[in-house]
Structures are given as C-alpha cells and as structure tokens.
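Following are the structures in question.
Here come two complexes built around chain A, the first alongside chain B, the second alongside chain C.
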Partner chain A sequence: MVTGKSSKVGNSIAISILFVFSLVWMFPIFWTLLQSLRPYGDVLKFGSVSWPHHLNLHNYWTALVQSQMWRYFINSFEVAVPAVVITLFLASMVAFVVSRYSFKFNVALLMLFTAGNLLPPQLVFIPIFRLYIHVWVPNFINGDGVLYNTQLGLILIHVALQMGFATFVLSNYLKTIPKEISESALVDGASVWKHYYVVILPLLRPALASLGVLMTTWIYNDFFWSVALLSSGDKRPITAALSNLQGEFFTDYNLLAAGATLAFIPTLIVFFTLRKQFVSGLTLGSTKG
Partner chain B sequence: MSDMITEEGVSRRSVLKGTVAGAGALAVGGLVGAGTASSADAAATKKVSVGSNNSDPAPRKNDVAWVAAAKTAGFDVKLNIVDHNTFQNQINSYLQGTPDDIFTWFAGYRMQFFAKKGLSTSISDVWKKISPNFSAGYKNASTGLDGKQYFIPTTWYPWAIMYRKSVFAAAGVDPKTIVTWADFINACKTFQSKGITPVALGDKGGWEAMGTFDFINFRTNGFKFHMDLTAGRAKWTDPRVQKTFANWATMFPYQNNNVLDLAWDGAAQLVLQKKAAMQVMGAFHASIYTDPADLADLALFAFPEITAAYGREAVEAPIDGYMLSKHASKNLVNAKALAEFIASDKFGKAVLKVAPTSLFANNKMPKPTDPFARSQVDLVNGCKYIAQFFDRDSRPDFAGTIFQSALQKFLGGGDPKAIATDLQAQWDALPPA
Partner chain C sequence: MTSSTTTKTAAAEVTPRRRRRGHSFTKTDRAVLAGLVGGPTLLHVLLVWIPAFCTVALSFTYWDGIGGLDQIHWVGLKNYQQIFTIYQDFRPAVRNNVLWLGFFALIATPLGVILAYYIDKELKGTKFFQTAFYLPMVLSLAVTGIVWDYIFRTNGFVNSVMGDTSAQTATSWFGDPNKNIWIVLLIASWRHIGYVMLLYLAGMKSVDPSLHEAAAIDGATAWYTFRKVIFPSLRPVNVIIIVITVIDSLRAFDLVYIINRGRNGLQLLGVLVYDNIFGEATRIGWGSALATILFALSIVPIMLYLYQTFKRDN
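Right after this comes the complex of A and B.
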C-alpha cells in the first residue's frame, strides 16, 4: 500500500515537472506563432507584450508572395534532395565494402570517414572557400567558371560532410545483418556489384529511410555553408534567405516570425510523415557496433 | 569636404564640357567594343552585373527603378540583391570570390580599405568625365589613399537629434534655443521634470551609440582629432578621449535605463510613442513612422556645441554609392559605362520618382521639396566638416567587434580609463591594414 502510494506521488511529481518543461519548450513556438499572426501596427500601438487586437494571416502572405520566399523553398529542395541521394548512395557503397570485405586498410578507411565528421565547419571554411574559387566548372554551370557560388558546390560540401556519419551508421547496421546472406550470394556466383545492388541495398532500406529523414532535416537546416559558399542572393536556400526579411535598420519581427514559421513547416512535415523512421534512425546501430 | 553638399550653380560651359566628354566616352566604348569578338552584342546591350545590399522594400524599389532606366540607356543589368547585414558581413569573401562587376558600398575609410587591398578597380578616368556633376568634397570622399578614385557617390543622409515638434511644444522647449551643452542639459531637466525620458538611446546592436560618440568626440575635441582617432593616427590613451567619455557621462542621467536592451528602433519607438523626447539618430529614424500625421510631426536639430572653438562645424552624413570590383576587369568597358550612368542625373531622376525624399550627391538633381528632407540639406549645408560615421571612418575589424563591445561596456557603467587603455591595446594588436 505504502509503496503504491509513494509511487503515485512520484508519478504526479514527474508529470508536473514534465508539464513545466514542456511549457518551457512550447513557449517560444507559441510566441512565434502568436507574433506571426499579429500585424506590426498592432505591436507598435500596444507593445509586443500585450493582448493582440488584430490577428490575421497577412504576414504569411507578405513573406510568401511579396518577399517571394517560395523561390527559396525551391532552392532548398534543389540542394537537399540531390545531396541526400548522393550521400546515401556513396555511403552505402563504402559501408558495404568496409563491412563485407576484409583488407588491410579496412578499419583505417572507416576511421578516416568518421574522423572527417569531427572537424567543425568553421575550421575548414577558409581552405574550402579558397579551393572553391579555384576549382574549374564548365560555363553552363556557372558563368564565372568556378565552383564558388554554385548550388553544385553546396551539394558537394554537404555530401562530403555527411558521408562520414552516414558511412558509420550504415556499416554498423550492416554488421547486424548475418554474414551468411553475403556468403550464400558469393557461393551463387554474384559479382561485387550484384552483391551490393541486389543483396545488400534492399536490406539497407530501413536504415536508408531513417538516415534520409535525418539528413534531409540537417541539410535543409544548414545556414553556415549556404552563406559561406554562395554570393548570389537568388541562389540561397530558405534558411539563409530568412534574413531577407530583416531590414538594414528596421526589422519587422512579426513578419520574420511568419517567415520562420513557414521555414520550419517542411521539417515538421518530414518528421510527422516519417516519424517511425526518425525514431529508429536515432537508435540505429546502437544495438551492435 | 567643406563644400560637399553645396548645390553650386552649373555654368553652361561645364555642362557642355560634360556632354562632350560623354560623347567621347561613347565613341571610345564603341571602338573598344568593335575589337572584341561579340562586337554586335556589346553594341546592342551592355551586360553588367550589380551586387546590391538594398534588400529593404523601399531601397529595393530604387534599385528596380534605376535598373529600368539603365535598360533604356542600353544596359542589361543583372541585379544580385543580398540582405543588407549579410552583404556587409560577407563583403570580404564576396570581393575575394566572384563578385559582381559593380557593388553598393560606402564612402570613406571603408572604401579606402578595400581599394588598398586591391579588391576594387580604379575609376579615375570615369571621374575625369563626371567631375562637373559633383562638388570637390564628394570627389575627396571617393578618393583612395593612392589618390585615385574608386567610388561613385549617389545618396546620403545626415545624423542629428530627432524629435517630435508636439512633444517639445507641450513641454515648452524651443529647439532653436538649444545651442550649447548647458542648453541641452537644461532641456533634458525640463523633460525629466515632466516625466518624459529626455534622450532615448538603444545600443543592442553595438553600432547605434557610435553616432553619439562621434558627435561628442568632435564637438569636444574638434573634427581633426576625431578623424585622427578613427584612422589610428591619434591614440585612444590620449587624455582628450577621456574628456569625450566624461562629457557623455553627463548625459547618462537623462537616458532611458535599458540602453543595452533596445536596438535603435526600440529607442526610436520611445520617441514615436512620445515617451522620450529626443534621439541622436540618422534620418532613417523616420522609417518607423508609418502614419503620415506622425511623420509631419518629426523634425531635427543639430547636435549642441560643447567646446566653443569647434561650435557646430561638423556633422555626420554617410554617403552611399557604388564601386567596381576587381572582377570587373573582365568587363571593364561596360562596367565603366554603367558607372558613368550611375553618376549621371538619369540615375537620380529614376530613383527620385520612387523615393521622393532621397538626398542626392549629384548637383544636377533638383532640391528636395519635402520639409524634413529640406531640413537635412540645410543642416549639412551649414557645416564645414562631414564625417562618415564611426564604422565607415575606421578599420572594419576595429569598428566591428572591438569598438562596439567597448561602447557597450561604457554604457553598462564600465571605467572609461580601462576601456580606453584596452581599446589602444586592441588597436595595436591588429594586423597591419
């Protein structure tokens, strides 16, 4: 009886703590939503901490149509989708080789890919910038003939930086798949390509799905590289373009709140439609590794 | 710089000279164009790319307007608009990467800094043709340390004390009587006794209070010392700097007490809402006034005199304009032709149509009719010296992080002596510019 009562008390304490914390987490989102629905004039008249007198979707209209935010959404997808596809394709190949074939540099190769992850982007930014203004690309990709200020360059940097983590996760996942499957494929005379493409790749599907979700959100949310490697305003993804809503001297924070809300909607869609993969993605490779 | 804004009459001869020079330029342009492979295209449309930081809705309209005017003059301008603050922060990598042929920038040290680094193309030959359009002060403001010109000035705006006429009238203060520092402090006392914050100041962004610093510094120690200090020729440990800080401290009791929590527009709102009487601000203070009735109530007066010998001889009036990047060397003929267009009154007239209160550097432009704009011209016309604003007169790496945080420390109650010593130490630690 006594223990049951105390666990009940413990439960309600835990719930009330969780409730308070969820409020703390919800508040900024709620505040952003509220501000995004208020016209600037309303805030100017009554102050930002006041009961709203007018609520409408005007800020969203301004952000999406007048500030042409929809264009930057397209830019974001043009970078994120190829970057995720290429990363997963290449990472699955590396993971396949390091987990299915034993050779001298096997572990060293895996370490190399993982170690690349540990370098903060701020550290490699200047060498990469220098590199990008000297790497030649054909004129139809960029009139200036260099990799700098191209979406291709942005895709490549994401692929390079995400490959390490993706390889690490995929090779760990592959280790949980019985080697016997591979052995029987080899016995049946499958070539390396067939072994990878017909046997391993379908087995990797759940891992690829979760990684794909994670990477899409990461690459979509990237701000640093899109500011560092693009100089044309019209090529920027949505995260960097949000600052278009900030003025030189004056910033309409209500408009900015609407823009920020719009910018996080795709992440929410991705999360809610692929929630199962998202959660399994976080625990991926944690059972063995 | 003394005659920078004077709208001197243009003699018939100088106009003729300008026309002849212009015609000559066209002929030269044509000849050079004929030498290149795509001579037919070059003659039809002159392609030039322009990088712009005019991302706000109003200046964006100006850009669109002048680009349309340039199109009728035979230019195909590719406009690359990047939001103002990112453009500024990125300028170093932008200019070293693949910049546009022409880009928006500022006169003064900020222009000289990049000219000296070889990131800009000199346009002295263009200036030979366009000189009649600008007074000598503008030419000086467009000249690099090597004596060559690198800049085309377009528009400018002054800094002053912004106030609402109705607030002053209600408190019985006549702004015309505020001439000396004692007058100013007296006015502050009057406002305070009526429950109005005398001076609104916000320095959350770090740059806003630079305006107040500049004014107090050149009113206290003279324009020459101020320019020496910003350019590093005078030391921060000089006792004159302490005088500036001491004078500023006398203003502290009359400021709002949340200076570091407010950005400039937060402080400007206090004036708009009649909770505060004055703000030392640029003319863009007006941009938060959405109601025309409020706007008609807005006025400005010159910062009061501190040391009698220096009177009110100096003012801050940053000049905006355009520069050619190093990259423009690949498209030099067209880029220079567009620079010439920007320096002509065709540019100004196109912008004037969408922004009637703009103030132009070009002396061929008509005088403004709007009373607030007119008062800005009068303010600057009465001045002998013009400063560009601290972050345009000093090294970017000093003005940016070092001086901004020092000012915030001072406004937060830091010891001015320690701050000055620290500033000099940090200046000395900077790599040679």
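Right after this comes the complex of A and C.
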C-alpha cells in the first residue's frame, strides 16, 4: 500500500466517495430551495418529486410581505447585535484581567465561566423563567411591566451564557500574545483601564472578529431561549418565528420552505463571506494556544 | 466600565512601577480591576449559577407555579421517585438520550474523524468537500428540522422516490415511533459530523509536520501513521470532541421539538423539562428534577473538559 500507484488509486476512490458524500450532504438544502420556488398548487397536482412546471419567487413575497417575516429579521438583529457586543465587551474585560495579572482567583474564575457555558440550558431556564415573570421593567420596555416576554430578557440570558465561552476563548488568545507589550505600557505608567482599553482591546481585534461572527450565528440560530422566554410570536426572532408559518391544521409547505430559506440565507452569506472567522472562532475554543 | 475620566487621575497619580504581583495598584486601579472582573462575574453568576442551584433545590419540592414562593413544599426525593416509577415519558426519553449518545459516539463522531483524515490529505476538490460538510453547521437546528422534513415527510422526497406517498399506506418516517428516532439521529449527525470534522482538521493542522515525516521515513502507511502517531498526539482535541459529543447528546431539544414537540417516540430529557413547565400541567418539581438528572449526567464531561483544559495552568 505504500507504492505510489496504489495510493493514487486509493486517492481517486477517496475523492469519488467524498464527492458522493458531499452531494448527499448538500441535497436537503438544495431540495428546500427548489420547493421554495414552486407554487403549492403545482406540488399538490404533480407531487413533490416532479418536473417543476412553475418556478418563481412568489412564496418569498408571501413570506416576507404577507406573513410579515421581515419583522422577525428585525427582531433577530435587535437581539443578536446588542447581545454579541455586550458579551464581547464583558468577556474581554475578564480575559484581560485573568491573563495580564496574576491573581489567585484567576484559574478558578475561568473554570467558573467555562463550566457555566457547558451547563445544559434546561438546568438554568426554570428559575430564569420564574424570575423573569416577576422582575419589574418600565412600561416602555414591556407593556406588561415584567422582564418576561421582552427582548431585553433574551439578550441578558444570551450575554450571561455566551460570556463563559467568550471569556475562555479570549483569555486563551491573550495568553499567546507576549506580555512584553503590556509591560512597556506599565513602564509608561498607564492605568489599568488604559492598559485594557488602549493596549489590550486593539490586540484582541482578530479574536473578537472571529468570536463575533460565530456568536452572532449562534444567537441568530437560537431556538430554545426564544421559545422559552418570548410568549408573543411577533416578538420572536426569525428562527423561532418559523413555527408561525406552520398552521395548526394546514401548512403551505412551499411557503414554509421559502421562510426557512429566508431564515438561513443570512447565515449562509456570513459563512461564505466570513468563513475564515467562523471557522477560527470555533477552533479558538478547542485548540489551546 | 468606569468612565475614562478616572484614567486621567489614575495616570497622574501613578509613579513608575514594575510588576509586583498586585501590591502596586492605585485606588482607582483597584476599583477598575474590581469592576472589570466583578461586573461580568456577577451577571454570569446571577443568571447562570444561581438559577442552576435553584433548579437543584426546586427538584426536592412541590410547586405548581401558582401563588408565591410560600406555596413551595418540601417533598424530599418524591419527585425523583415518581419520575422513576410512574412518569411514562421518562423511560423512552432516557432510552432516546442513550441512543443519541451511542449513535453519536459510535457512528457520527468517528465518521467526522475519518472525513477529517481524508480532507487533511488535501486531495483534489478538498475546498468543495469542506464547504459541503460545514454547511449544516451554519443552519439552526430549527431550520434543519424543516429542511429534512421535505425529505422524510409522507409525501416528501424519499417516499416519492419509493413510489408511495399516500397518507394511508406510505411509510411515516416521523410518525412511526419505532422509526422516527433513527431519522432524527441521522439528521442530527448531518450536523454533528461536520463539527467534529472541523475541530479535528484544526487539530491535525497543528500537529508538528516532522511527526509525519519521521513516520514516512520509517515506511509507515498514512493510515498507520494516523492511528499510531497523529491520533495519540491529538489528545486535547479528542477530549474536547468526546465532551462535545456527550454534552450535545444530553442537551438535544430543538430538532425534535420542531418535528413533533418531542412526543410519540421522540421524547428526550431536555424536552420533558420544558414540557413540565409549559405543558398542560405546570410541575416545577418534576421539571427541576429532570433538569437535575441532566445536570448529574453532564458533570463527568464537564469535569473532564475542565481537567483537560486547565491542568497545565496549575
């Protein structure tokens, strides 16, 4: 098996298998796209596996305008953007301290954050839900006057949970940056805040970008917390709002396909344009140093 | 999050100093440090750890959620006893979670590793393959459930190809409680495999190339090198993948919830917790006990992860 020829044959077999696999992998996405372009009546008449007689964007128009899905996109952004920005800001502060100063609590603190991120969300959500229905918020945030069923509540829980992962990743990243850079700042007599804000934060930029891309995708894709903490359908982000398109007795599956496609298009765009950041965000947490 | 005005005063006060292990901070510096660590930690503890412990505490109580906290009664281990004996959905849920874990551990995860091994060879078309396998990862599990519904629904792709889409006679992939969990595992693996592959590839890229070369000089085959040299050197990545496999199997919720709300053969512990809070009856004690069981099962992988990650720091 070590001769050049047989390994070449082996490679072509591997390529063919990989090729078939990857087509199978992409097929469901392709299939959903196709369904989304077909009118429901067409599928009803000819079956879902049939020559597409009509292909148009009508389902998309219905989903976006008639079912007002554009609102849910806004909801998604209203949740994801603040959540990610706050998370990165808070996590970078903790990461800065534990990686630049040698306090006794450093490792314990990092462990607390890391473990917190690994807890099953089901363990956290019952008291959070009970808490949220009792915490008072001003009327302009929620007419009901409580934190439950507000996007603010959803943002808070995302921040608290994602912070664990972000802190862990950022502090790992900072450990790879030589401390000399900080020391010159200290010799200059910079305050702690300046050290963080002027020296460390700019250094963190690549890691913040990767984490930002990854966490935006995660929060955008969140389903569990949105369903658990937002009772009114019209406040839900797009991923959770998809179930609004599923009727109790009747579902226009081609419309739903358009809705699902609309929901995953932003993540696909992010993936194809910022793939490097997405991938490095995922691996920053897994490979040390 | 102190304002930048403090910076100026701090800078003015500071005398040149060396790093002397936390004794040379000014008052402002100390306050800033406390804020930098304390603020985020407080939020995290308040919204994650305290609720987690409350759940464990609530698992020993009875509370239907109506009325104030004074309506909570201590019942000891009764919730657990009832869950183990009379809660009909518990057994199928445990079975499904175990099945999920087994399927991931024995099939999906190894497949991801094998794919990574071949992708790492940088064969022709490697970029395309990589993209294909990564794609499911950017889709949410909710969308994933919808996407696969078009493949397996009664009049979906598979049944159409098999030639029977009638509601009466065709195979109901999601409706048949003996089949649906396998379909769900297939779908979950679709996503999991790419994730494992990604992590593994990153790990393999970080392996010292001289290891490869040394093995090649010794005349070892690529597969032998992988098994005996590369795989053992990737211990940290292996641990992380084991942890992710276990934890994701325990957390599973979205996929089955979007398919049929986790009923009729698709029960999972994660869904039962939810059902006991938002279902027909609110049984906070039961829900908390189920969540605590999930927690107990997660402790081992969490500890394993912490040990692997932090052992070199100490």
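One rule holds for everything that comes next: the second predicted complex is superposed on the first by the 282 of 289 C-alpha atoms of A that agree within 3 Å, B and C clash if a C-alpha of one lies under 4 Å from a C-alpha of the other, contacts with A are read in each partner's own complex, and residues count from 1 in each chain.
What we mean here is this: a residue touches a chain if its C-beta (ideal position, glycine included) is under 8 Å from a C-beta of that chain, and two chains touch if they have at least 3 such contacts.
Values in this document were obtained by computation on a predicted structure and should not be read as measured data.
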{"item": "Touched partner set for A:Phe278, first chain B, second chain C, both or neither", "value": "second"}
{"item": "Chain B versus chain C as contact partner of A:Leu203, first or second or both or neither", "value": "neither"}
{"item": "Which superposed partner A:Ala240 touches (first chain B, second chain C, both, neither)", "value": "both"}
{"item": "First (chain B), second (chain C), both or neither touched by A:Ala228", "value": "both"}
{"item": "Partner chain(s) touched by A:Ala115 [first = chain B, second = chain C, both, neither]", "value": "second"}
{"item": "First, second, both or neither for A:Gly41, with chain B first and chain C second", "value": "first"}
{"item": "Comparing the two partners chain B and chain C, which touches a greater set of residues in chain A", "value": "C"}
{"item": "Which of chain B and chain C A:Ala263 touches, first, second, both or neither", "value": "second"}
{"item": "Which superposed partner A:Phe96 touches (first chain B, second chain C, both, neither)", "value": "second"}
{"item": "Which of chain B and chain C A:Tyr148 touches, first, second, both or neither", "value": "first"}
{"item": "Chain A positions touched by chain B in one structure and by chain C in the second", "value": "129, 227-228, 240, 243"}
{"item": "Of all residues in chain A, those that touch chain C in their complex", "value": "1-2, 7, 11, 14-15, 18-19, 21-23, 25-29, 31-32, 35, 47-49, 90-91, 93-94, 96-98, 101-103, 107, 109-116, 118-131, 156-157, 159-161, 163-164, 167-168, 183, 186-187, 189-194, 196-197, 217, 220-224, 227-228, 239-240, 242-243, 253, 256-257, 260, 263-264, 267-268, 270-271, 275, 278-279, 282-283, 286-288"}
{"item": "Sites on chain B touched by chain A in the complex", "value": "51, 53, 55-56, 59, 80-86, 90, 93-94, 96-99, 264-265, 269, 272, 282, 284, 287-288, 290"}
{"item": "Contact footprint of chain A on chain C as seen in their complex", "value": "1-2, 4, 6-7, 10-11, 14-19, 21-22, 25-26, 28-29, 32-33, 36-37, 39-41, 43-52, 54-55, 58, 65, 115, 118-119, 121, 123-125, 128-129, 132-136, 138-143, 146-151, 153, 155-157, 160-161, 165, 190, 194-195, 198-199, 202-203, 206, 219, 221-222, 236-237, 240, 243, 247, 250-251, 253-254, 257-258, 269-270, 273-274, 277-278, 284, 287-288, 290-292, 294-295, 298, 301-302, 305-306, 309-310, 312-314"}
{"item": "Chain B contact footprint on chain A (complex, rising order)", "value": "41, 44, 129, 132-133, 142, 144, 146, 148-149, 227-228, 231-234, 240, 243-244, 246-251"}
